[in-house]
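One structure coming up, written as structure tokens, with questions to follow.
Order of writing sets the labels: A, B, C, D and E. Residues in every chain begin at 1.
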Amino acid sequence: MNPVRKRRLIVTLLILGAVAIATGLSVFALQRNMTYLYSPTEVDAGKAPTGGHPFRLGGIVKEGSVHHVPGTLTTDFVITDRFQNIPVTYTGILPDLFRVGQSTITTGTMVDGKFVATKVLAKHDATYMPPQVAQAIAKAKEENRIPKTAQGGGAP
Amino acid sequence: MTTPFAPSAPLLSAHRLAYSRDDEPVFGPLDFSLRPGETVLVEGDNGSGKTTLLRVLAGMLPPGEGEIRFDGRPASRDSRNGRVLWLGHRLGMNESLSARENLDFLAGLYGQRDGASTASVMERVGIEAWLDEPLRTLSAGQKKRVGLARLLLLPGDIWLLDEPYANLDRHGIDLVNALIAAHCNTGGAALVTSHGAVRFADPNARHIHLDA
Amino acid sequence: MVTAVQPIANSTPVAPTTDQRSSGTLRACAALLRRDFTLAWRRRGELFLPLLYAVIVAALFPFALGPDPELLGRIAGGVLLVIVVLAMLPALESMFRSDLEDGTLEQWLLAPQPLALLALTRVIAHWLTTVLPLIIVMPLLGALLNLPVKVLPVLMLTLLLATPLLVLLGAVLSALAAGARRSGILVALMLLPLAVPVVIFAAGAIAAAQSGMPYVAPLTWLAAALVLAIVLAPLACAAALRIAVEA
Amino acid sequence: MSRSYLPHWMHWLGSPPNFYRFAGALRPWLIAAALVCAAIGLYGGLVLAPPDFRQGDAYRIIFIHVPSAWMSLFIYACMAVTGLVALVWRVKLAEVIAMECAPIGAAFTLITLATGSLWGRPMWGTWWTWGARLTSELVLFFLYLGVIGLYNAFEDRRRGARAASLLALVGIVNLPIVHYSVVWWNTLHQGSTVDWLHLSQSSIAPSMLWPLLVMTLATHLYFFASILGRARTGLLSLEGGKQWVRSLVTETSR
Amino acid sequence: MMQFFAMGGFAMYVWPAYAVFFIVLAWDWFSPALRRRRITRALRGRIARERTRNTRATRAEAPT
């Protein structure tokens, strides 16, 4: 084999080998949980960091759970993933998109079974439509008893 | 001159070789060949493209037009590397290291000529006393001699020497000529640039003249 | 002075034979390693500068943030990671500069060895001489910043995977910048976007270890990237060196 | 040389004077079309399209934000492709185009970051968050800056162009890695709004979709107009010694 | 009309976003034009200088 071909073959084999090894390692890594966002179910199962380590809690603001403490900026609400509920307390200004049924990501720590949030971010989903359409959809859902799905909660 | 090892094709040949920088022609088009045992002297004033020609031949610059061949085959890294020894304006050695360390490193990259050793080539160029001194402490002429020692140590048969006479005294110039002659005697070839101030020893050497 | 025409060494033909050219790829790498180590030893004073820098910066953090051990312990992992990256930067920038200036790179280019392999060898020598000492002093720096003891091994392991990756990337950028007239902050500017994933995964592993979570996944990602970079970065580096020499 | 493998029209267009004339003739049409599209798109987006049921009128930033984000990636791809051509075949025109892509790409990336920030403030409650898309976009911005910086750091502009092209290619390997590495940080950013394979099923109302698409067309047209103009300027400075540039310059002075 | 400019209360976010878009693109459009003018001016100067040098040279040669 002439040296040029031989060298090209070696380089190609090296690249293929590296890609193969890297792919193997990636597959291995993908099988490990690497999320840094915990759902209420995971928190309930004790998978989330404890002992004052901050982590992110993601879920939907439960209907009828939002209470503003009068005279303060403190808000209490419940984050749910429809299986487990975690009570959350937050002091500060809430973003515009924060509302019942909204996907929300909160950062904070667990203190005595309550999540004390230092930051609340509303996750906005990818749906854009005029208000009339939204009303029509909501109405149709109510009439047909379509189960209300979590909006945007599934986005990565 | 013929040697039993001389192949039919020239070691190095250029065909309509030209180079332009920013669309200003630097040299060429040139046609020449370098056969075993031959020395070609490239002459020309400053800025006539002597160094550029050598850099193109050494593959450090892409040829603008034309073709370079080694042993009759189009030049490629494989046909070129290891055969071409380059001595340029820059020494190609680290000044913090001694001549021995530098030469040993280069011998590691290129391999060694049969029978040559770091000490013997340093002796040949007459500065064996400076073998273990950092190059920083050597004079310009002595550094040049270390560069010449490299040519003797490494097994390339095509020497591309850019201004090898610079910084050398009369003895040094004689030494360069003697080394080139010995190299050509053993089937090697050399392409040497000079701005014309030095008379080349070999009266049979062919000349390429570059105009600025 | 000898002026007579006399044969050099023996009168063996100088036309290189195949074994002369293909043999010794390993020998070439060893020669380069030996040369770089010798050079590093000659300039051993300079090798302490990154270490000194790292210690000074680490010592500044308690002054800036207050000596609260808990706070320091919480941020120590990330802080040390950033300190290592910053301490590596100056040496990365000049990885090929002196070799370009004294013409050694021209000799590399004409040598019958793959340039990419020489570049990889240079990366290894660089990592061993300038980065490994930084990793070795990590326990000391960790103690300064009250890094939890259980995090220290993970931090060291992370750095063992992340720093070679950064040196490989840095070698490409350093080779690219070597031919430029002024590099200044250029290498840092170019390194930032390329280093983002490395830092993210390294920090992820450290943070996970700190909060008692599994840290294998980010380390595996780093290993995967390292394997790819070991093959691809030297090729890119060789291409960059060819551009740098083409002056 | 391997240049002869290129098709004939590419060969013709690769010659600087030909390209200069061609680009000069095409550019006014492109910019006119871009302006018309922008006018239609903006009228549709700002006036005709109804407010969003949840975000009200704030969502109207989408009509510039999303096309700019697409452009920032599209231009990077253009830069990398022309950069590859420049590296492999050393075509001067490809070098010029690759290098002139960088400032336009940086401009669109800057717009994306700024408008995204202005959109994020009322909607997410923060100017900036280290989410996947935002971080990737920021990294992209720095990549553009690196390419521009490296190009300008070289005395010899052709050598600089090839070095910067190599950096652009290294960057294109890196971009997906950056993206996926920051994804698991988890993100506040929404998923893709427009499903290109099933346009009718996109989760955006048609009255809002068409201005978005028209604006996308406008930004593409603008990019082509701008790159032609920039490449013309680049060639002019690179070929200053050539006869065609000299006659051109003296002609316009009269 | 006022309602249009109010943008449903989001005017302070929407209009600056559009302003950024147009200002940055205007910069992108006009900066090469400026560079172009600089280049042509420099080139014209160079050509003019060369021309005078040539005529001077021919004039100097003429008497001999």
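Methods note: a residue touches a chain if its C-beta (ideal position, glycine included) is under 8 Å from a C-beta of that chain, and two chains touch if they have at least 3 such contacts.
Here the structure is a predicted model, which is why all the values come from computation and not from measurement.
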Least step count from chain C to chain E, where 1 means the two chains touch: 2
In contact with chain B and with chain E at once: which chains are those? Just list them. D
Would you kindly say which chain has the C-alpha centre located farthest from the C-alpha centre of chain C? E
Looking at every pair of chains, which has the largest contact count? B-C
Remotest chain, chain D as reference, centres from CA atoms: B
When the centre of a chain is set as the mean of its C-alpha atoms, what distance in Å lies between chain A and chain D? 32
Just curious, how far off is chain D from chain B if you go by their C-alpha centres, in Å? 48
So chain C residues touching two or more other chains come to 204, 221, 225, 232, 246
Set of chain B residues in contact with two or more other chains: 62
Touching two or more other chains, which residues of chain D qualify? 51, 122, 184-185
Judged by the touch rule stated earlier, which pairs of chains are there in contact? A-B, A-C, A-D, B-C, B-D, C-D, D-E
Per the contact definition, I'd like the list of chain B residues that touch chain C in the complex. 3, 5, 58-62, 80-86, 88-97, 101-102, 104-111, 113-116, 120, 124, 126, 134, 152, 155-157, 171, 174-175, 177-179, 181-183, 185-188
Interface residues, chain E side, partner chain D - complex: 4, 7-10, 13-14, 16-18, 20-21, 24-25, 27-29, 31-33, 35-36, 39-40, 42-44, 46-47
Which of the residues in chain B end up touching chain A in this complex? 76, 78
Tell me, which parts of chain C touch chain B in their complex? 1-16, 20-21, 23-24, 27-28, 30-32, 34-35, 38-39, 42-43, 98-99, 101-104, 106-113, 118, 245-246
Any idea which chain A residues touch chain C in the complex? 3, 7, 11, 14-15, 17-19, 21-23, 25-26, 28-30, 32-34, 36, 49, 51, 53, 55
